[in-house]
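So, here come the structures, one by one.
Consider the two complexes below, in which chain A is the common component and chain B and chain C are the respective partners.
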Partner chain A sequence: MKSLSWLIGLLIVIGAIPMITHDVTLRETVFIILMYIALAESLNIILGYTGYVSFGHIVFYGIGGYVAFLMIQNYGLNIIPAMILAGLFSALVAYCLGLAILRLRGAYFAIATIGVNEAVKALITNLEQVGGAEGIYFNIKVYSAYGGAEHAIWLSYYLMLAVTIAVVIVSWFVKKSKFGLGLMAIREDEDAAITLGVNTSKYKTLAYALSALFPGMIGAIFFFKNGNIEPESAFHLTKSIEMIFMVMLGGFGTVTGPMIGAIVYERIRGFLIVSEMFKALHIAISGIILLLIVLFMPRGIIGFVRDKIPALRRFVE
Partner chain B sequence: MLDVWIDSIISGILLGLVYGLAAIGLSLIWGVMKVINLSHGAFIALGMFTAYFLFAFGLNPYLGVPIIFALGIILGIAVYFVALHRIIDAPELSTLLSTFSISLFIIGLGTFVWTTIPYAIDIHVGSISIGNITILGTKVIAGIVSIILTILLYIFLYRTKTGKAVRAVSMNRVAAELMGINTTRILALSFGIGIALAMTAGALIATIFPFTILSGGVYELKSFVICVLGGLGSPIGALVGGLILGIIENVITLQIPTGLVPFIEFTILVAVLLIKPSGLLGGEV
Partner chain C sequence: MILKVENITKRFGGLVAVNNVSFEVNEKEILGIIGPNGAGKTTLFNVISGIYKPEKGKVIFDGKDITGLPPFKIARLGIARTHQIVKPLNELTVKENVMVGACFGREYLDLDSAEKVAEDVLKFVGLYEKADLLAGKLNVPEKKRLELARALASKPKLILLDEVLAGLNPVEVMEMVEVIKKIRESGVTILMIEHLMHAIMQISDRIIVLDYGQKIAEGKPEDVANDPKVIEAYLGDPELVLKLTKR
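Then we have the complex of A and B:
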């Protein structure tokens, strides 16, 4: 429990700072950090625990965003039920999809997930009912139900904090459970796991659905706050890669890793974009960093720390 | 009406041959190394720019093909030793990410140097007219060059000692090593050839369509669809897959909006993966 309690403590401290200082710029930064943490932790369930490389995971974020956006815009639903519906819908899509594509292993699965993301993006881009390529904008009246845009933004912030805490708790309990052990058995050797009586297809599908639930909710919050949604930003393949980057940087298969990875990544990215010298080159530099991690630190920052300082192992899960 | 159809089918076949060439590169890399090359698109784009600058210096892009091919082999071998050699036996995630990081590097650098403004190679080689059907000369030459390169690749794989070693490594790396084949050299060479094919395909596409540094991504995704159609690791399958995709792409746009083409392509991709993951013509290198 120690490893979980300090993580939650850290999240609450990070989350509380903008609330106390009422610093708007800081709130935006923390909002993005929280979103990255939640996305990376979600992906970690399928990528880190189960060992299935979901390259197009952002599709669930986009689907969640669209579901919530349409619900709020067309039926005047409140963001909280809309967010929950969006998450459940994403999880349901992942469950049905998983029944099919999780039969594929390794690289085939990775390609299929890219395919799913691109197919959904192309479909939405061509559906005029959901705004097509231009996307949809909120009617400004939407926010009046929450006491104006300013209140709506703060509400989004609280919701993002709540979802992020929920994701971390869920990933910690999954890792400690029999379910989590089953997932890790699949990662290590799927055939052996089957032989030992793990119901692998059920486990994989559930893990995939769980890893899609939170991105759906995060997409709902993000696009509610954003005020508009378009296919290009909702299904951006680069965001999928960013999620993988964060998980790898922090250490895949751990609970602390994706969180650390997300914070470090956001800082690196912020630094590169702001710095005059690196602004234009930030993609190239991210590439070099990613390559260095893959080649020399395959288990990420947390794996590295755990190897070098055994005393910390009890605290970093 | 019939003319329009014939026109689309011929265009489809010619473009399909070029797509097939890029896909053969991807397929070869997968077959020999079991690596999904996510930097394929970046190298396709690099090929486009190489052709552009050769043309700017007065060299005909078609005569530049050997230069681009050679450059591709050198770059590919370099990338192999920098990014892949250390992790060739690691789980797929590592090689997926390391090739992806190469792609980020090239695209990041390319965006910095060339921005994302479209470029085009302004080359005219006339056109061929039969009745009401007119086919652009650039497409015809691109198709012919693709066929020639594919034949040369086959001669290399089946008639030369090194080519046979490549096939042996793709069948069983350990056994090949035991038979005295220097597998590191073969892996590096295969990656080099794969990249060279990608860059050449890029150069040929650049003579037909305008391009930016980001254009490679589209063709990379097409290469995936093609490889899956033809069976990953099967060069001849990739060629057939390319033809199928080229024809589908050109014929269905007569009936439905162009924007929906990716949806159809990827639906086919996922469907084929699910029904027959070894591809419609599954086989070995």
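Then we have the complex of A and C:
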């Protein structure tokens, strides 16, 4: 429990700073950090615990975004139920999809997930009913239900903080549960896991659905705040790669790792994107760093620390 | 009788890996399976534990037809196995490896009870000191014992041992043989594949011999050892062998 409580404590501290200072720029930065943490922690459930590299994981964020956006725009639903519906819908899509593509292993699964993302993007782009390639914009009146745009943005911020905390708690409990043990057995050796009695296909599918639930909710919040949604930004494959980067950088299969990875990545990105020299190169540089991590620190920052200082293991999950 | 294998045939394309094999395993006995390389022994294990579906035949366990059930269901009914090529869960600790067996095996325990079972089993196979080490750090004999511990932790009625003695030095073989005897004393039925003749002859109640996928002999160890068909399978022409042994 100790390792969980300090993680939650850290999140609350990070989340509280913009609330206290009312600094809008800082709020935007923290919003992005929280979003990255939540996305990375979600991906970690399938990638880190179960060992399946979901390369196109951003598809669930996009689906969630579209579901919530349409619910709010067309039916005047409040963002909170819309967000929950979006998450559940993403999870359902992942569940059905998982039944098919989780039969594939290794690189084949990774490629299939990219295909799914691109297919959904192409579908939405060609579907005029949901805005097609140009996407959809909120009617400005949408925000008046929340007391104006400024209030809506703050509400998005609180929701993002709440979802992020929820993801970390869920990740921690999954890791400590029998379900988590089964997932890790699958990651280490799926054939051994099934002969030991793990219902591998059920476990994999549930893990995939769970890892899609939160990205759906995060997409809902992000695009609600954004005020517009279009296929290019909702199903942006680069974001998928960023998610993998954060998980690998921090340490896959740990709870702390993706969080650290997300914070470090946001800082690197923030630094590179404003620097005159590197602004077009931040993905390339991230790619090089990812290569170096995989080669020299395959278990990421947290894995490295846990290896070097075993005494920390009890406090760092 | 705890296990009954009836006319099992398993093909891979044109190759008949197991050809119409039938046998029975009695409760609490040790039944050895021997045969030259490629005789179909491991394939037979894979059919019993559900990894492969046979083209023909039935596997009856504890009065229930388990042919074609998925491996995890067969594990939960009470058949555990070890692998010839060890499959440790490298990034998990030794104890966690064994807990997987206890959690998802016949008793389907929760984590806390599984941990207790894992500790007991690790003491039983002599790996308790290594409980908190990552399984990937163990050496080969230790990994073999881990395979065994994981299988035992599921509290099976029947355990399939696939060459647990291979690659061990004579002292380690002796230790492992003692562990196997203790497992049988605890009431578990054992079906084991082994190449190490002196060990399997000494430990088994009965032996069946496979060659090119077919059962060519079955009986007490001493009878099987003197069966001309068995000698031929291992050494070639039996008359030549007789001549050699007379000399």
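Here, the second predicted complex is superposed on the first by the 317 of 317 C-alpha atoms of A that agree within 3 Å, B and C clash if a C-alpha of one lies under 4 Å from a C-alpha of the other, contacts with A are read in each partner's own complex, and residues count from 1 in each chain.
As a working rule, a residue touches a chain if its C-beta (ideal position, glycine included) is under 8 Å from a C-beta of that chain, and two chains touch if they have at least 3 such contacts.
Just so it is clear, the model here is predicted, and its values are computed rather than measured.
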Task: Partner chain in contact with A:G253 - chain B first, chain C second, else both or neither - done: second
Open item on the list: Looking only at contacts as defined up top, I'd like to know whether chain B or chain C touches more of chain A.
Closed with: B
Open item on the list: Looking at A:V53, would you say it contacts chain B, chain C, both, or neither? Reply first, second, both or neither.
Closed with: first
Task: Partner chain(s) touched by A:K178 [first = chain B, second = chain C, both, neither] - done: second
- [ ] Mind working out whether A:H282 is in touch with chain B, chain C, both or neither, as first, second, both or neither?
- [x] first
Open item on the list: Let me test your reading of the model: by the given contact rule, A:T195 touches which partner, first (chain B), second (chain C), both or neither?
Closed with: second
Task: Overlap of the chain B and chain C footprints on chain A, listed as residue numbers - done: none
Task: Residue numbers on chain C that touch chain A, as the complex places them - done: 49-51, 70-72, 75-76, 80-81, 83, 87-92, 96, 99-101, 103-106, 108, 110-111, 114, 150, 154
Task: Residues of chain A touching chain B in the complex - done: 47, 51, 53, 55, 100-101, 103-104, 106-108, 110-112, 114-116, 118-119, 121-123, 125-126, 133, 241, 244, 248, 252, 280-291, 294-295, 298
TODO: Quick one: which bits of chain A touch chain C in the complex? Just the residue numbers, please.
DONE: 177-178, 181-182, 184-185, 187-189, 191-200, 253
Open item on the list: If we count contacts the way the header does, which residues on chain B are in touch with chain A in the complex?
Closed with: 30, 34, 36, 82-83, 86-87, 90-94, 96-98, 100-109, 111-112, 221, 224-225, 228, 232, 257, 259-263, 266-267, 269-270, 273-274, 277
